[in-house]
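Below, chain A partners chain B and then partners chain C, in two separate complexes.
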Partner chain A sequence: MANDPIHQFQIQKIFPIEVGGMDLSFTNSSLFMVATVAAASAFLILTTSGRGLVPTRLQSVSEMAYEFVAGMLRDAAGSEGMRFFPMVFSLFMFVLVANLFGMFPYFFTVTSHIIVTFALAMLVILTVVFYGFMRNGMGFLKLFVPDGVPAALIPLVTMIEIISFLSRPISLSVRLFANMLAGHITLKVFSGFVVSLSTLGAVGIFGAVLPLGMTVALTALEFLVAFLQAYVFTVLTCMYLNDAIHPSH
Partner chain B sequence: MAGETQTGTEVPHDAQADAGFPPFDSTTFASQILWLAITFGVLYWIMKNVAVPRIAGILEDRRDRIAGDIAEANRLKQDTDEAIASYEQALSEARNNAHGIVEETRAKLKAENDVRREKAETELGKKLEAAETHIAGIKTEALSQIGDIAGETTSALVEQLIGKAPTKTDLTKALKSAMN
Partner chain C sequence: MNSSSQDHENEKSGSESPQAGLSGRRDQLNRTLNERKQEEASASRRSKGSATGYAQAVKMSSEFIAGIIVGAGIGWLLDEWLGTSPFGLIVFLLLGFVAGVLNVLRAAGQIAEPGATPPKQDDGKD
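Moving on, here comes the complex of A and B:
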């Protein structure tokens, strides 16, 4: 199945575990989740172990990641939003490292499964809902009734706001999932062309140069997408958290 | 694009493909959610308790250090400014003092010179006076002797002219009338 572009998304059980009829096996996906967490944690902890006043190169990478996310959260949600910083930073690091791991050949891309991205999106939305009600009480519902809207339009606007709020976890998860999935499929298809064409003799090998160049270009694009989607996921998380903190627009 | 050699395995896959595309295969959802919860939970714990406080600490230390250094630099700058100001003040004081000393010295020297000159002038005046007195004495003496000399000369002249010396009384009388 070397050329099947879908094969790379197959879940394979490594340690089958079944509890009460539910399949909770440790799979290749689980393995890469563990690897993602281990790599992200190890990088951040090891590079900062020197606690250098003047950072080493790797330490400044960790600091940049920290300040990047901190700046995003502070800009979007204000200083009160900083209480969510560990969660937002974890999300960013998890998505980023999982996406980048997906760029290695034969590695599994954790974020190419909708259930994973949806679970992360629900974590964000549930945090917004719980914290929103906890902090603002019923005032949180003002989120759905924008100020300065004529009374006649309020039912319509409120409906739209509710629908847009409910679609947030879907758009948040589908955006990440679809980007990773589509990117990897495209990459696989083009690199598949290289292999198929090069079996067709001299002309084929010559013709394979085109998809090869495309594959190289797409790889660069995918690295960009891997970072960009982690950024987009995080920045939207920050904006949604801002709604929980300041529900009246 | 399917490889020819894999037709054997492709059939069961196709049969299984009713479940769909792997990301939509709901039989794997429970496992993925469980392991995501575990791994993300661990990541969150590590971030919250180790990585974030550590990086925040590093950044804060650096910020404090920089702020401290800037404050120290400002303090030193202020010290320098104060030192420059006091130096300039000392310089202007010294200049004033020097000016004063010069004036004082000049006045003192002038006074001394005046005293010396006055003394010298007084002495010169005295000497002049003494010399004038002396000259006057000599002159008087000379004048007094002129009478004698004139008497002797006159007596000698008269004796030559008339062959007989005049008497003392006549001579004195004649001299007196001639000299007045």
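Moving on, here comes the complex of A and C:
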């Protein structure tokens, strides 16, 4: 049980709630989502409440996060994309804080469940589709018809482009989920080796140094991945939003 | 770099008229600054490529798999609705493979994004 690497991803009900036959229980996943939102909001609000012209250390962390996401969005989608800044920044902070929360021992990693990451990806893609049609009307469909394609090939190419577009939310969500899931399982497996080797007596304790070193290295890697995946998710969000604003330059 | 000899020349000309010396030195500084900027840019690009190899691998495979899943999903749904089993699945699974390859090439920057401006290099044309 202690060595089961999958056990950490189990959903447990904290307050069972049932509405009209639907299970709407408040689970450990919900708890950590609430904690993520609360921690991110509290951090940003508390650190920027001073509004110092010369920022304190923590205020400059908040400002760096703001500048980072704003720069990313402006680079990818132009200044017109800045109207999506609240959404993109919230997504970035949610994914980043959820990933980093997962690094605490005994904490639940919200983003290691594909339904959570898929919901986030669908939010992005539906925004792209709705805003794309709202702003460009039918011109948004030009996204699926590349320029300079022979007329005979247009049906085939359009079909492929549509499948490629529909695969975006899947690849977006699978990437985040797979990274977090695989990372946490690897971490758990290697630390499990430490425990099971050290029960084998003196030789085992010497042998356990190797997986222990590996666990330390993997923990560092996981922190990198936690940040990197939040970054990748946000960058792709910006690129997709750019498609909605400028379907064909 | 032979900047020391050039500095020497600048100093010599600077002794003749201060204006020319200052502008000469500024040109010189601009040139070295540009060189250094280019070096730093290429270095950062290189390190970005190698440090995130793992992320790159996950990115590529998820792009490819997503294309196949969506293709197969559309084919299966069409079969369910139109009763054309198994042809919808066959055709759309193949199209899904193609879309997956397209996704991977796009993710690798080999093919331009659908709405993008013309690629910077000639080999990026599709």
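Methods note: the second predicted complex is superposed on the first by the 248 of 249 C-alpha atoms of A that agree within 3 Å, B and C clash if a C-alpha of one lies under 4 Å from a C-alpha of the other, contacts with A are read in each partner's own complex, and residues count from 1 in each chain.
Following the convention adopted for this analysis, contacts are C-beta pairs under 8 Å (C-beta built on N, C-alpha and C of every residue); 3 or more make two chains touch, one makes a residue touch a chain.
In this text, all values refer to a predicted model and were calculated from it rather than measured experimentally.
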Going by the contact rule set out at the top, does A:Leu141 touch chain B (first), chain C (second), both, or neither? neither
Who does A:Val174 touch here: chain B (first), chain C (second), both, or neither? second
Going by the contact rule set out at the top, does A:Gly192 touch chain B (first), chain C (second), both, or neither? first
Between chain B (first) and chain C (second), which, if any, makes contact with A:Glu67: first, second, both or neither? first
Taking the superposition as given, does A:Ala39 touch the first partner, chain B, the second, chain C, both, or neither? neither
In the superposed arrangement, which partner chain does A:Val232 touch: chain B (first), chain C (second), both, or neither? second
Who wins on chain A residues touched, chain B or chain C? B
According to the stated criteria, A:Leu166 is in contact with first (chain B), second (chain C), both, or neither; which is it? second
Both partners, chain B and chain C, contact chain A at residues none
Note: in the complex, chain A contacts chain C through residues 142-144, 146, 159-161, 163-164, 166-168, 170-171, 174-175, 178-179, 225, 228-229, 232, 239, 242-243, 246-249
Note which residues of chain C are touching chain A in the complex, please. 52, 54-55, 58-59, 62-63, 65-67, 69-71, 74, 92, 95-96, 98-100, 102-103, 106, 113-117, 126
Chain B to chain A touching residues, read off their complex: 1-3, 6, 9-10, 13, 21-25, 27-37, 39-40, 42-44, 46-48, 50-52, 54-59, 61-62, 65
Per the contact definition, I'd like the list of chain A residues that touch chain B in the complex. 1-4, 6, 9-11, 17, 22-27, 29-30, 33-34, 36-37, 40-41, 44-45, 48, 51-53, 55, 59, 62-63, 66-67, 85-87, 89-90, 93-94, 110, 112-116, 119-120, 123, 177, 181, 192, 196
